[in-house]
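Each in C-alpha cells, the structures are laid out below.
Each of the next two complexes has chain A plus one more chain, namely chain B in the first and chain C in the second.
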Partner chain A sequence: METKYNDILFKEKLVSLFNEHRRKIGFNDTGQMSALRDNAFETFEKTGFPHTKIEDWRNTNLKNVFAHNYNVLFEAQADKPDIEKIFQCNIHNFDTHIIALYNGWYLSEDKHLITLPNGTIIGSLAQAVKEYPELVEKHYNKYADINENGLIALNTAFAQDGIFIYVPDGVETYKTIQIVNILDRDDKLFIQNKNLIIVGKNAKLTFLHCDDSYNYNRSFTNTVTEVFIDEGAVVDHYKLQNLNDSSALINTTYFHLEKESKLTSNAITLNGGLIRNKSNVILAGKKGKANIYGLYLVDKEQHIDNRVFVDHAESDCDSDELFKGIADDNATAVFNGHILVRKDSQKTNASQTNRNIQLTDKATVFSKPFLEIYADDVKCSHGATVGQLDEEALFYIKSRGIGEYDAKLLLLYAFAAKVINKISVEALRENIDDLVKKRLRGELAICDMCVLQCKTQEKTYEFEIDLSKI
Partner chain B sequence: MKEEEQNNILDEVTQSDYKYGFVTDIEMETAAKGLNEDIIRYISMKKNEPEFLLEYRLRAYRKWLTMKEPDWAHLKIPPIDYQDIIYYAAPKEKKELSSLDEVDPELLETFNKLGISLEEQKRLSGVAVDAVFDSVSVKTTFSETLEKQGIIFCSFSEAVQNHPELVKKYMGSVVPYGDNYFAALNSAVFSDGSFCYIPKGVKCPVELSTYFRINTAGTGQFERTLLIADEGSYVSYMEGCTAPQRDENQLHAAVVEIVALKDAEVKYSTVQNWYPGDKDGKGGIYNFVTKRGMCKGSHSKISWTQVETGSAITWKYPGCILLGDNSVGEFYSVAVTNNHQQADTGSKMIHIGKNTKSTIISKGISAGFSNNSYRGLVKISKRAENSRNYSQCDSLLLGDKCGAHTFPYINTANSSSIVEHEATTSKISEDQLFYCQQRGIDTENAIGLIVNGYAKEVLKQLPMEFAVEAQKLLSVSLEGSVG
Partner chain C sequence: MLKIKDLQVSINGKTILRGLNLEVNKGEVHAIMGPNGTGKSTLANVIAGKPGYHIDKGEIIYKGKNILEMPPEVRAQEGIFLGFQYPVEIPGVSMTNFMRTAINEHRKYKGLDPMSAGEFLKLMKEKQKLVEIQAKLTNRSVNEGFSGGEKKKNEIFQMAMLEPNLAILDETDSGLDIDALKIVANGVNKLRTKENATIVITHYQRLLDYIVPDFVHVLFDGKIVKSGGKELALVLEEKGYEWIKDESSK
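On to the complex of A and B.
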C-alpha cells in the first residue's frame, strides 16, 4: 500500500533529494547561480510550503496536492516522445516557432540554441547558461522574489531547465513563439521549471505558453517565469491551460516593464485540477502599460486561483485588468487582484475588473480586488461581481425559438467573448474561440488537446450558434 | 487654482488642532493598574454583578490570555502594555439624582463645551440622552417617557441589576467573548455602557442617544452596548464621541451588539470623534471596536451609519449577520483621516437567510500623512438563495503623502445570488474646482462643497439631530477646506 503523503513528508523528501543530488542539480551553474540556489534552499527549509493560514493562500489549499508521492527527474530522459505528436501542434493558419519542454526538460535533437535570422535566440535555459552566462546572469532571478513564498524558493533551488528567449534591441519577431509543456509519464511527476525571457529595447515579442496533459496521470508543476521588457518594447503573452483534472499547476510569472514598454497578458484556463496563476507586474519606468486579462472555465472539483499584483513604481503608467470566469459543479474560482500605487507614482491610471458566473450552489467564488494607493493624482477603480445569467436575456433568446440549452450556451459564450476578443493574434483568437465553445459544450476532452488538432472528428450539431449575430 | 493657495488650504487642513481638548476635574475612583483575575473580580464586585456575569468575564479573560493581537490590518499599532491600563474608573459621588440641577455643575459644563446641553436637548429636540461619563452613567433623561412605552433604556450596569434575564439571554449572542482579541478583552473587563430593549410592536418615539467621553488619564474604556429590538419594533439609536486631548495613548475597545427579531428595524448611527493625536501623530485614542448586528428574525433590518473623524488608530468593522429570511443589512460610512491617523474600517455582511439584501456605501477621505483603508467581507452562504449585495467604496485623496486602500473580500457559495462591488480612488478633480471657482466660489468653499457632496450619500442617512453634529465634526477634521 502506498504511504499517505503530506506536506511534511514531501518537504523532508525534497530536502534529502536536494542534498543527495546537489551536485547534479547545479552542474551547470555559474558561481552566482549556485550561491542563489543554496540561499533559496535555506529559505525553503525555513518557510516550508505555503498553507491556508497565509493570507495569499487562504483560498488555495494544497493539502490534496501533497498527498501523493511524486518523482523528481534530475536529468532529461533518454526516451523521446513522438516528435510528430508535437508538430501536430500547428494551429491552422497560425505559423509559430514551436519549442517544447518534455517532462520538464527542453526537447530537441541537439541541445543547441536556435538563432533566428533576426538575431532572436530561443532554446533551453540550461544551454543558455553555458553559451551566454553574462546575459543570463544579468537577469536571472533579478525579478523573482524567493521570499514571496516557499514554492518560489523551492523552484529557485531545484530548477535546472526551462525556456530561454532573447530578443535583441529593435528586433520584432513577427512569428509567435509557442512554448509547449508536455507531461507524458506513467508515474506522478513533480516538475519545476524556470523560464527566462528577455526582450530588448523597442523589440517586439509574441509568445504563447501552453500547458497540456497527455494522459490522466497526476502531476505537480511549479513554474517560475521571468520576463524582462526593456524600454519601448512590446510583449504579447498568452497562456493556454488545458490540464487533466488531477494535475496541479502553480504558475508564477514576473514581468518587469521598463520605460514606455507595453505588456498584454492573457491567460485562458480551459481545464485543470488545481491551477494557481500569479502574475507580478512591475511598472518600473514611466509611461509603461500593462494589460492583464484572464478567462477561466472550471467545473467538477476543479480549482482556479488567479492572482495579479501590479506595482505602479513609477508615474504615468496605465494598467488594466479583466478577469472573467464561469464556475460550475463543485468548482472553486478565486480572483485576487492587488494594485499598488507607490508614493509619487502620480498620473496613474489603473482599473481592475472581475466578473464571475456561478452556475451551481456547490461552486464557490472568492473575489478580492484590492487597491493600495499612496499617491493622490490617480484614477483607480475596481469592480467585482458574482452573479448568474440574465433571466431576461435568456427569455429573449428563448422567445426567438432557441432552446434553453443553446440559449444558455450563447449567453455563456458572450460572457467569455469579452476576454477572447482581447486576443490580438487573429488565428489564435479564432482557435481559442473555438476551444472555449467546445469547452462550454462539454466536448473538450484532454485528448482533444488545446492546440493539438489530433484525431478530433468534426461533429455536426443540430443547432450551431451563429456567432456572427452576437 | 494657484498651487500656493491650494497648499495653504491643505496646510490648514493638516494643521488644525483638536478643538474639544479639555480635562474636567471630577474626583475619580480608580482600580489599580493592570489586568488579572483579581481586578476582574474587583470590577464585578464593585458593580455588584450576579454570578453568571463574573463567570462570563473570567471565561473571556482566560480565552483572551490564549489569543494574539490581530496583525492583519493595514495598521501600524505601537505595542500596547495591557498591564499599564487602569481597568476601572468611576466618578466617586454616585447618588440618585432626581433632576438635572443635581448633576455636578462641572460635568454639565463639559457637556456644554461639547455643545450638548442636556436641558436644550430635553426641551427642544426630544432626544433622550444617556450621558456616559467615563465608565458610569450619570444621568438618564426621558426615561419616564420611554417607560410608558415599555422601552428599557439605561446603563448596562442598571440592566444587569434590573433585567439580568435579558442580559443573560442576549449578551455575547452576537459577539461571543472569543470572537476576537479585543472583544475578549472587553468581555473580561467591560466597565459600563448602554442597554436598550424595545418591546414587541413598539416604535420608539424618540431617537435614543448616548454621548461617550473619555476622561481620567490612562483609563481604558471598555464600553458594552446591547440593543434588542423585539418583534415588529423600531428604534433609531445614536452614539457620538469626543475625547479630551491627551499625549498618552488611550485604548478603547468597545463591543456593540444588536439583535433584531422578526420584523424589527434598528438604525444605529455613530459620529465618532475620539482624539486623533496631534499633528505629529503623538497621542490619540486607539479605537478597536467590535460592532455587530444580528437580523435574527425574518424581515428584520439593521442599518449602520457612521461618520469617523477621530482616533489615532481605528479598527472597526460594523457588520450584519443576516440570519432571518428577507432580512436587510445596510452600512453607510464616511471615514476621514488626517495627519498621522490610521483607519482600517469597513463592514461585514454575512448572508445566511433566503432573499437577504445588503448595501455597503463607504466613502473614505485621506489627508496629511494618514492611511485610510476599507476592508469588507460579503459572504453568501449556500442557504442564502436569491440574496443580493451591492457595495460601493470610494476613496478621496487630499495630498500626496496619504494613502487610500481597499480590501474587499467576496465569498459566494450560491448560484442564485448576485454580488456587486465597485470602487474608485481619485483626488478632487481640477475640473470641478475650476467650475466652482469660475462661478465665484473660492477654493476653500469649493473644496468644502465637493467633499460635502462626496459624503452626502452617507450624511443623508443620519438622523436630523445628528446630521448637524456630523457636519461640524467633518469640518473640524478637515478644517479650512469644508465650508
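On to the complex of A and C.
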C-alpha cells in the first residue's frame, strides 16, 4: 500500500470537503466571487500546499501542522460565547470599536454590519457581500494573488467570512478599530478568513488585529487580508499575536497604496507555535510611504517567519522596514525582506533593518535581505544582524547591583523598545509595552489577551518610571 | 576594608597581575598610578567581579569575606563601586530606570522597601546637583551619545546615587576639562566619610591636587612595586616611570 504524506492526505480531505460543501461555501457569493472561488480551487488542486523545496518556504516547514486532523466549520457555530464578557473590558485608556471573529465567524450582538456616524462601515465580510456587493467586488481579490502559493489559493476557495471595513473618502476614524480573532474549541480547527479593508481618499484608519488563543488546543489558521489605501489616505495597522504553542497561523496581507498615501504596519508577536506573517506592499502611486515594523519574541519550540515584499512600482516613494526579534531555547526566527525597485521608480528611498538576539546555541535565526533594484536614482539600505546580549553592557548593569535576571531583562526590553516606540497610539503603546515586559519576564499567560485583560495596567515594574508623569 | 593578597590574574592565558598586594582601610584614599597596560584596569575589574579573568592565585578579602566567588551584583550590593575607564553605552535603557532598579536592588539586599517615585526623584535631583550633571543627561539612555566627559561625570553621579563603601575610580579624570575635573573631584570629596574608602586610578598628579590621597602606589608589570605618600605622585610627575622600572628590575 502506498503511504501518503500528511500534506497530500490533508489536501485530499480538503478537496473532497470543497466538492461536498461547494454550494454552502459559496451560497453568499456574487457571480464574480463564485468564479474566483472555482478558479482558486483549481489552482490549489494543481499546486497543493507549499513545501520546503519552494524558496519562499525553505525555512518554514508545515509538515507538523498537517500531521493533525482538523475540522472545518462551514457555518457559524450555533452557541456563542458570553458576548458581554468579551466586550465589557477594554484596553485601559483605549477607546476602541471592537469587532470579533469567533472560531472564524463574525461575532456580534445583533447586526453583522454597522455604519458609524461618520459613515465608516464595519462588520462581517459575508454581510458586506450581501449589502454592498458592488463595493466588495471592486476590491475583492484584486490585490491578493492566488498564484503566490497554494495557501492563498486555498483561502480564496474556502473563505466564507472575515472582517470588512470601509472608510469613505475624507473620513478620519479617530477611534481605533480592534479586530479580535478568538479561537476557542475543544476540537482542532482549520480556519480560513478573508478580510477586506477599504480606505477612501484622504481618509484615516487605525486598526488593531489581535490573534488570541483562549485555550491550549491545536488550531490552524490561514488568513488573507487585503487593504486598499486610496490617494492621500493614512493607515495605521497593528497586529498583536498571542497564540498558544500548538497553534499555526499563516497570515498574508496585501497592502495596496495609491499615491501620497501612508501605511504604518507593526506586527508584535508575543507567542505562537508556528506563525508566518507575510506582508505584500505595493506602492502603486507616487509619493507613497510604507513603514513596516515587527517585533517577535519566540522561545521553546516556537517558529516565527516574517516576510515583507515591498514593490516600489512608482517613483518618489519611501519604504522603511524594521524587524527585531529575540529567539530563546530551541526557537526559530526567520526574516526575509524583498525590496523591488522597478525601472522607472526613481527617487526611491528604501531601508530595511533586521536585528536578532539569539539567546541560546539551539535557537536558530535566518535573516535574508533581498534587494532587486532596476532604477538608478535610488537610496536603498539594508542591514541584518544576529547577535548575543552585549556582555560589556551586562557587566556594567550588574556592577551597579542589578542581578543577572534583571540585567538581561533590561537589555532585552531595551532591544525591543525600538519597535514598541514606533507605535503612535499612546494607550496602545503602553499596553503593548506592558505585554512585552510580561512576556520577557515569562509571566504572559495565553489568556492575557488584549481584550480580556481587564486588570488595570501595571505601572510600577522596578525599572519602569516615567519622570515626566510625576 | 580591602585586603588583596598575592593576587595573580590571567586573561586568555596571558598573566596580567603577578602577585599583587594591597591593603585599603576605612576612610583612606589610595591612588594607583603606573604605565599603560600594566594591569590597573585589570585590578579594578577583578575587584568588581568582571567575568573573563582567571584568578590563578591569591585572594581578595573585602569586609572580612573572600569575594572572589561573589557575583558582581552582590559585590555592588555589598558596597563596591567601579567607575569605568570606558563607561558602556546602553541604548534603550534610560538612566532613570537604570538607577531606580539599582537603588531598589541595593535596598532589597539590605531588607528595605523599594524607594517611592517621589523619594527617588528627590534623591536624583540632590545628586545631580552634587556632581553638577544636567538633568537632561539623566533623562537619556545610559551613556548613549554622551561625550567622553559626560560619561565620566555620569559615573560619579551613579556613585553618588549608590553611596558605596569602596569606590574604585578608573581614570575618571581622563577626558575631563579643568572645570569638570574640579566638579568631579569635589563630588568625590563630598562623598568621603570616615567609613568609606576610595581607590583612584590615574595618570595625572593634577587630580591628586583635588582628591588628596593618603597613599600612592605604582603598579608596574602586574605588581605594586612602590608605595608612598602623596609626594610620590609629584616625583612620578617629574621623573616618569623609568627610574621605577630600573629600580624594580634590580
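In this section, the second predicted complex is superposed on the first by the 442 of 470 C-alpha atoms of A that agree within 3 Å, B and C clash if a C-alpha of one lies under 4 Å from a C-alpha of the other, contacts with A are read in each partner's own complex, and residues count from 1 in each chain.
We take it that contacts are C-beta pairs under 8 Å (C-beta built on N, C-alpha and C of every residue); 3 or more make two chains touch, one makes a residue touch a chain.
As the structure is a prediction and not an experimental result, all values here were calculated from the model.
Colleague: Does chain B (first) or chain C (second) touch A:K368, or do both, or does neither?
Modeller: first
Colleague: In the superposed arrangement, does A:A414 touch chain B (first), chain C (second), both or neither?
Modeller: second
Colleague: Regarding the shared-chain residue A:I402, is it in contact with chain B (first), chain C (second), both, or neither?
Modeller: Once the two structures are laid over each other on A, A:I402 reaches chain C alone.
Colleague: Contacts for A:A144 in the overlay, against chain B (first) and chain C (second): which applies, first, second, both or neither?
Modeller: neither
Colleague: What is the contact status of A:A393 with respect to chain B (first) and chain C (second): first, second, both, or neither?
Modeller: In the superposition, A:A393 touches chain C alone.
Colleague: If you stack the two complexes on chain A, which partner ends up touching A:A128: first (chain B), second (chain C), both, or neither?
Modeller: A:A128 contacts neither chain B nor chain C.
Colleague: Within the complex, which stretch of chain A touches chain C?
Modeller: Residue positions touching the partner: 390-393, 395-404, 406-407, 410-411, 413-415, 417-418, 460, 462-465, 467, 470.
Colleague: Name, in rising order, each residue of chain A that touches chain B in their complex.
Modeller: Residue list for chain A touching chain B: 55, 343-344, 346, 356, 358-388.
Colleague: Which chain B residues qualify as touching chain A in the complex?
Modeller: It is residues 72, 74, 380, 382, 395, 397-427 of chain B that touch chain A.
Colleague: Hey, which residues of chain C end up touching chain A in the complex?
Modeller: 48-51, 71-73, 75-77, 81-82, 84, 87-93, 96-102, 104-106, 109, 114, 117-118, 120-121, 139, 141-142, 158, 162
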